[in-house]
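In what follows, subunit A forms one complex with subunit B and a second complex with subunit C.
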Partner chain A sequence: MDENDSPLTIDIPNVPKHLRITGSWVNSNRIGIYKKLAKGSSEKYDPTVYILRPDIILFSPQLRKLVNESNGVFLSIQKIKSVSGDVRPELLKHSKQYRSILRACIESLQDICGKCLSDKKESLENFLTIFYQIECVWHLIEILYVDVVPGDVILPQLLEWIRFHFPSRELVAVKILAQKTIGADLEYPNYWEAVIGCALHGKLDLVRALLALHSKADHPAFVMAENVLKTMPIYNVYGGYSIDGFTTCWKRWQLELCSNLNSKAFIVDTNLEMIMKLIAGEQDMLWQFSQYTDAWYELLAAKLFYTSPCCKQPELSLHANNISKRWQANRPSDNAIRAVMESNLHRVIKEIQYMGDNGWFAAHLVDLLYACGKLKILDRDQVEVSNQLHESLILEYGNTLMGHRSLWQCGASYLIHCPVQGLARLEILLQSLPMGSEARVNKILDIARDNKMDHIVTSICKIQGLKSMKQGRLGNALAWALKAQDSGFTTYIADQFLKRYAEYGELDCRDLLENLGFCMMASDRLTFLGKYCEFHQMYSIGEFKEAASLLVSLLVSNLTPKYFWSILLSDAIPLLEAKDVILSSSDCFELLRCVEAHGDDLKFQNKIEIFRLAVARNLARALSLEGCQVEH
Partner chain B sequence: MSENVQGTFVSEKISKIRWKHEDFEDATNFITGSWDDPVNKVTHWTFQMNDDGESYPAVVSSYAILGDVTEIKFILKDFFVISTSIGTVRLLQIHENPYSQFKEHMSWEFIHKFDNTNDYASCTGLSTFEQDIVSVGEDGRINLLTAGQKQPVRSINDADSCSMYCIDFLRHNEILTGNLRGHMKVWDLRNDQDLPATTFMLSDQSKTEATSIAHHPTQRHIVVAGGGDGSLTVWDLRHNTYPMSQLNAHAKAVSEILFHPDRPENLFTCSASGELWHWNNTQHSKLSLDPTNTHWLNTIGTNGKVNVTSLCSAMHKPINSIDIDRSTLLFGCDNEAIYVVRNITV
Partner chain C sequence: MFEAHSINAEHKDLIHDIAYDFYGQRMATCSSDHYVKVWDEDEHGNWHLSASWKAHSGPVWKVTWAHPEFGQVLATCSSDRTAAVWEEIVGEGSGPGERGMRHWVRRTNLVDSRKSVTDVKFAPKTLGLLLATCSEDGVIRIYEAPDVMNLSQWTLQHDISCKLQCSCLSWNPSLSRLHPPMIAVGSDDSNPSSDGKVFIYEYSESSRRWTKTQTLNIVDPIHDIAFAPNLGRSFHTLAIASKDVQVITLKPVLDNVQSASSRFEINVAAQFSDHDSTVWRVCWNIMGTILASSGDDGCVRLWKDNYINNWKCVAVLKGDGTSAQSAETSTAATPPNHSTGIQQTSSTTRYYKLGSISHPNQVPWH
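And now, the complex of A and B:
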């Protein structure tokens, strides 16, 4: 940026002179400001924090339509970029779509503006000015950069552009013509204004029609004017003659007009004479008529039309410079338009960033030009920086949108298309989004998954899991841990289940644990928990044989956490004491081995005698039974 | 975008969209609910003609809602129930006189909440059967409500240890719920025990969440459920809980499944991937010559008899909700627009 940029100053209230303030970023577009006390200061500590954020007009409900609709066009352009072949016509279509979105936005703003109260009106009018200017600049850029102008003669398109954006005088002319009253100059006080306006816009047919309604239309001077206008050569690429041929023809016509002017042929009416002078290309007259124009480029178009109708793009900048300098135009849009005509895209982009639209224009325009292959920006050292500039503008715009509670999805789709820094930025911003309902979380996860940010998926799922735990919903926490595919976290939650069982003697969330399926394998602890739950399930429906074999397999599995041994061993006692022999002799040996190894738990001390006795009795029964079976 | 699709940008992300059906004529009014803004809205729309003779949606009235709108269901011509992400269910009426506005008839505040922390929980879905309303939420609770009564008729507090995502009234005494883990549970409301009658899985292979359920309009035992992975699963609950067919459909979560109410041989699905599909079996439904007499949904995955068409080119943001009236379909999308698709062949 330029050295002469004046930074915005904001006063922080209630800060005495001798105090310093300091700030830190809250998120990407908020900054927290607070007072800083000097060491040893006797000042009372003031806990007030001021949050500063830029005022983003795009977040107002009237403009959110623009944001979302243009997002669609932007994404469609990204698709075109990957297509080979001549994409220029497609891009022109998209440029027009952007403009029609702008138009729709302006129209709806006008609609609301007409209906609303004065306090809101001011900001709406401000929006209107901004988007009027944007549309005007966009249109010109479309003509000069996106569209392919046949023969490179740009005047016809330029005139069209002017007519489109300054329609008021032509509308007056049409109104006058519709009445068809002879002597219109006497009836309508703005008759000449309309004629001059049309002449400046090169609308010669309208000029002729208006002159025909003049009270002195039959006067030889008017007849001659009609003749001059009728015979004025207009360049047409498809007209079948070369530029040189046309120029000779046009010069001859101009000379004839000049000689008529010199012979005072039009002196009967001063206005008529002035117009004929303008048409003959007299500079002074052009400037006299500048009071009938709203912008310098209206005058520029008139000048080109009457003095160099075959002007090509490179010559444009000279004319533009002359006129805008004399006009002393310096609104951002004036500067931007001059820069466009000078083919200085770097300056264009700089100027449009001052338009106060939060980067919407710059980001979308640069992207379009980039897609057209028209963006060639050199920095001070003549190094091409187009890629960087393109990326940084889109990045900034996406970043701005990500700061909104609801537009973050839209913002993300811009960041995704920044090849260098986009994903890294998205990663950071996705994690800083407030979470909310699980429906919202699932949408955030979708974006992370789309961009293969597995660690973000894991971390968000874990946050959800922890949140569920705080709410005392172990089951839901486990579900999120499984989604996260984080075995450490799964183990932690499975442990919580087992510990709760150890403490309260009840398994929570049976509906979930009984239906884990193969997810049970996510961690050893969860496998243990799932199998233990299955054991309870079998036991409760009287499938003791199944239950016992599950229990034994758990005992030998080596998955048992230390605090759970006493429970597992106690669970064996009723099975050992059952009426039928359920556990085999080898099972009994396993049990004995386990109780030797792990039976020293304090909680188990009062049961260890019973356990041993039960094993011994079961072993006796089992051995005799097995002995009988062998004999048979 | 094809010609018969008309979009309107509305400056809010649409979570639900529902026609207000009329008895003997085409519906002309509909309701939308928004989400993700600090204050969301339920909006009543109608169609108006612009200067070019095109009909376009215009706002009739709107009603501010705290939290996201998570479901809208009509129970009578003018009466509808909405649920929100702050655990509240409301019964609203579209009031025409003296001027058009919403009238609140009943509000069940915070009927979904986490008992431990006393925080509200999102009410993720509701289903209605005449005057009866049943809602589920992230707190794993099922609430039975009836339109005329402030107190819930019954609450099943620990219906699920995970967040519940979808619900459907199968019969007056039977509901089906789906949760974050893809567990589908049939509940018999006559049973006083707070236990499901049956539990089955959305999918055995992948543990994905159940995101939406719909039943066949005339054969209520035929149930279709959509998954977080974009899959569709069909069951015939008369026989068993083993799925009749199962297929990978959308690229991302299925947001809503909708049978055409009058022509149930048409099924519509939309997805977080931005796809909107029309499943059509018209040519085989009128005369069933199939000797095995299997239901068309039975075979959607296996043979080519069912036409699947995309009703619009894929949106670049999730489509959250769809509804159809005769041949006109509405859908609402996260790109803050509502779309009307006209002249669908059903």
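And now, the complex of A and C:
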């Protein structure tokens, strides 16, 4: 998004620098590279081709569940979008679902990580880092953008977020408390660390409980500390105070603590005194304690808690900036969190695209914010481009998934929800999916049909038909050609059937041909083939009358291909010579007409005399029979 | 972050072109050694040579696949002044070795050109089985196979003289019925005085002729040209390799403006001289979302536009400076999608991991 980003450089091994190389795309994300020699170069030419593709972590089996489950949530959000009324509570629920999918993913990664060998472990640990950071950023965004904070005072939620993501010191505190030993400071070397950690997170009840276990808990200084902590006013929207009222009250309390500090009331224990200074809001003490924090935003929460408890979102940005600058934080997640606190969504989206998750986060988050109506992105000319941004991120994500052998269906469901370019892209990608098994082809066809892409259905069926035909599987080819509703191709295949029969005297795939039903109408040649097959069927079960009338109707139909006349005419001979008179005199005239018109085929020359004779004899029998019937 | 897979293409001379089939599972290579080779990818991602034949009596410049609806069909063109159409035949014999045996047969040899044929491309499939060639004699020829089930009959439908020697051509792949068939042709004529070296031809259904409807005002020699898939946009996108990389958009001007001196509203969407030297090839991925350009500076650069149509370079691919011999032992071969360790890569193919995500701070290229 930023013009100043330098592009990614990829070094290809075994290729000399400055050798001319040419790139040619394999499909949507693989590229083939081959070498060229500079003119007049004496070097020996190396004909190696390299095929490069980005490593997509979402294709790892460990993340399969994440991809599929988040797809479910995404689709559910698309349904909400069309519902009117206040959808915010619903969307908050979905945001939490996304996060619980993330946490489940992190947990399962931790499980596998513990069990696997070191070479795989490294990549799993990378996944863990990536998704842990994503969850952390998502949680904050949920607090600041998706959730509705009463009174707009964000500190309580912020503290909750911090406690959730940095639980380690509180766990230590709980462990110490569980023992209930007086003189815990002497027993546990990390006693003060736990107290400070809890103080930084604003867990005052834990701080008090820990101090009560200190060996000098009865000392007046500790008693006073307990008193100070107990009386500290904590802002609560439902507490009955206005913000102003609370602030006066809190300021009074802070002033009193400061005067106690000035009179060196806590000097008996340096650690205690330091903690009280922190609680009084002393900036220097905050930074001294920074060694006990893992991230700058832990410190930020502490600062707000002790110096600006009624902080609203606009002020947050200033505090966040100061602290993160001094901390010199610049991991992608740091930058993302700072941008979130600065309410700079454009920057947030940019930063989260650097997190190495192949666009999972950006696509799902932006979609959620879009659904919340919180996405307002302006371009340089102050024109709103939120729609474009939203669609482009989802397109990219869907595109990425389409590149995988089994996740492509999931990818397609994202593309379908992109109103501008989604279907056009799906159209191209569907056609370029490697086909493989019939089940897979049918899945592709289903998606094409669902999206009314009839020409793609036709095209895929035709390709399948052609493939079957090349492999000599005519029946299969015919079935595909019928699905494709391509009459030219159907004609071609029906022709192949008839030609084979002409050559080998055998009809393949009788069961398919005998059960064509209405499909027979797809092409004239197929109609002919189907009827001819029916003729054989009748003949073989002894229904000669039926067979004869079929044959005659075929002869007069004008559907007969040129190479097939001799066969049709030959087929008539045994019927003419049958014991009963099957063919009428008018049938005979028809036969004679046909043999005049089409009997010149070389293959028929040795039969033409027999044919004429048979017709003459049958004609005689038929005439006399018909004559008798008239008299009666 | 990236995986590279190397294949020894076994050509004895320069490879001039590589084309991948519709699915990216087959690769055709052509070379100065007069040969064309076809490679198939197996389910483990390894590429195997499936056919190799002497296709021409001169260097083979280009190779291209027809749409799979027409079967497994290739077209090639060469300095031997011909273009050829090839079809793969699957053996129908029933013997153990015979069934499924594949070989390529020359279906036609197109000998109309009087000079080297520099490019050959199949038309979008909706137009039928059409093939366009262009050559140094400055003629664009359009051939058609009227019966798509019989590839040995090709008729020369149109020859269009464009006066300058031609180096490259591209069909507009857009499947829309809203605009007529369109071809862009580039010339690498080195005379800078001419008006322009990229020509747009359109087919008129009523006059049954191809006519030049636009000349783009680029006077430097043109080496390659490529239309991007339209994706439902109201304009066409054309990438041009010349002394720099350009992406041009052509928006048809509505017909009722009769006074219009040009058929299109032309915009330069992007122009980059990052290669700092001649650009030889441009290639779109199948979506037309990323453009790859190859230049004399030894780099392949990938270009992409964002949601507000700002183009920028997203990746640079280049040699790491090692020569093939010294790096023979470099990286362990790890096939992608490996679930078991038993896939032995064949001797012609190797895998490399190009760096790992040590710090997840890499920009994806899409």
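Note that the second predicted complex is superposed on the first by the 612 of 632 C-alpha atoms of A that agree within 3 Å, B and C clash if a C-alpha of one lies under 4 Å from a C-alpha of the other, contacts with A are read in each partner's own complex, and residues count from 1 in each chain.
Please note the rule applied: a residue touches a chain if its C-beta (ideal position, glycine included) is under 8 Å from a C-beta of that chain, and two chains touch if they have at least 3 such contacts.
Keep in mind the model is a prediction, meaning the values are calculated, not measured.
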Margin query: Between subunit B and subunit C, whom does A:114 touch in the aligned arrangement: first, second, both, or neither?
Written below: neither
Notebook entry, point to check: Does subunit A have more residues touched by subunit B or by subunit C?
Noted result: C
Note to self: Quick check for you: in the superposed arrangement, does A:18 touch first (subunit B), second (subunit C), both or neither?
What the structure shows: second
Next item on the list: Quick one: classify A:240 as touching subunit B (first), subunit C (second), both or neither.
Entry: neither
Margin query: For A:511, using the defined touch cut-off, is the partner it touches subunit B, subunit C, both, or neither? Pick first, second, both or neither.
Written below: first
Next item on the list: Identify the partner contact of A:472: answer first if only subunit B is touched, second if only subunit C is, both if each is, neither if none is.
Entry: both
Note to self: Tell me the contact category for A:85 with respect to subunit B and subunit C: first, second, both or neither.
What the structure shows: neither
Next item on the list: Report for A:189: first if it touches subunit B alone, second if subunit C alone, otherwise both or neither.
Entry: neither
Item checked: Which superposed partner A:443 touches (first subunit B, second subunit C, both, neither) -> first
Next item on the list: Could you list which residues of subunit A make contact with subunit B in one structure and with subunit C in the other?
Entry: 61, 470-472
Next item on the list: Flag every residue of subunit B that touches subunit A in the complex, lowest number first.
Entry: 9-13, 35-38, 68, 70, 85, 114-117, 119, 122, 124, 138-140, 160-163, 165, 180-181, 183, 185, 196, 199, 201, 204, 207, 209, 228, 252-253, 272, 316-318, 334-337
Item checked: Complex contact set, residues of subunit C against subunit A -> 1-15, 17-20, 22-25, 27, 29, 31, 47, 68-72, 90, 92, 100, 125, 148-149, 229-232, 280-281, 283-287, 289-290, 292-302, 306-308, 310, 312-324, 327, 330-331, 336-337, 339, 352-354, 356-357, 360-366
Next item on the list: Please give the residue numbers of subunit A that touch subunit B in the complex, ascending.
Entry: 61-62, 64-65, 68-69, 71-72, 75, 405-406, 409-410, 413, 436-440, 442-443, 446, 470-476, 479, 482, 508-509, 511-512, 515, 517, 519
Item checked: subunit C partner contacts - residues on subunit A that touch it in the complex -> 1, 3, 5, 7-38, 45-55, 57, 59, 61, 122-123, 126, 129-130, 332, 353-359, 379, 385, 388-389, 391-393, 396, 399-400, 420-421, 423-425, 428-429, 431-435, 459, 462-463, 466, 470-472, 488-489, 492
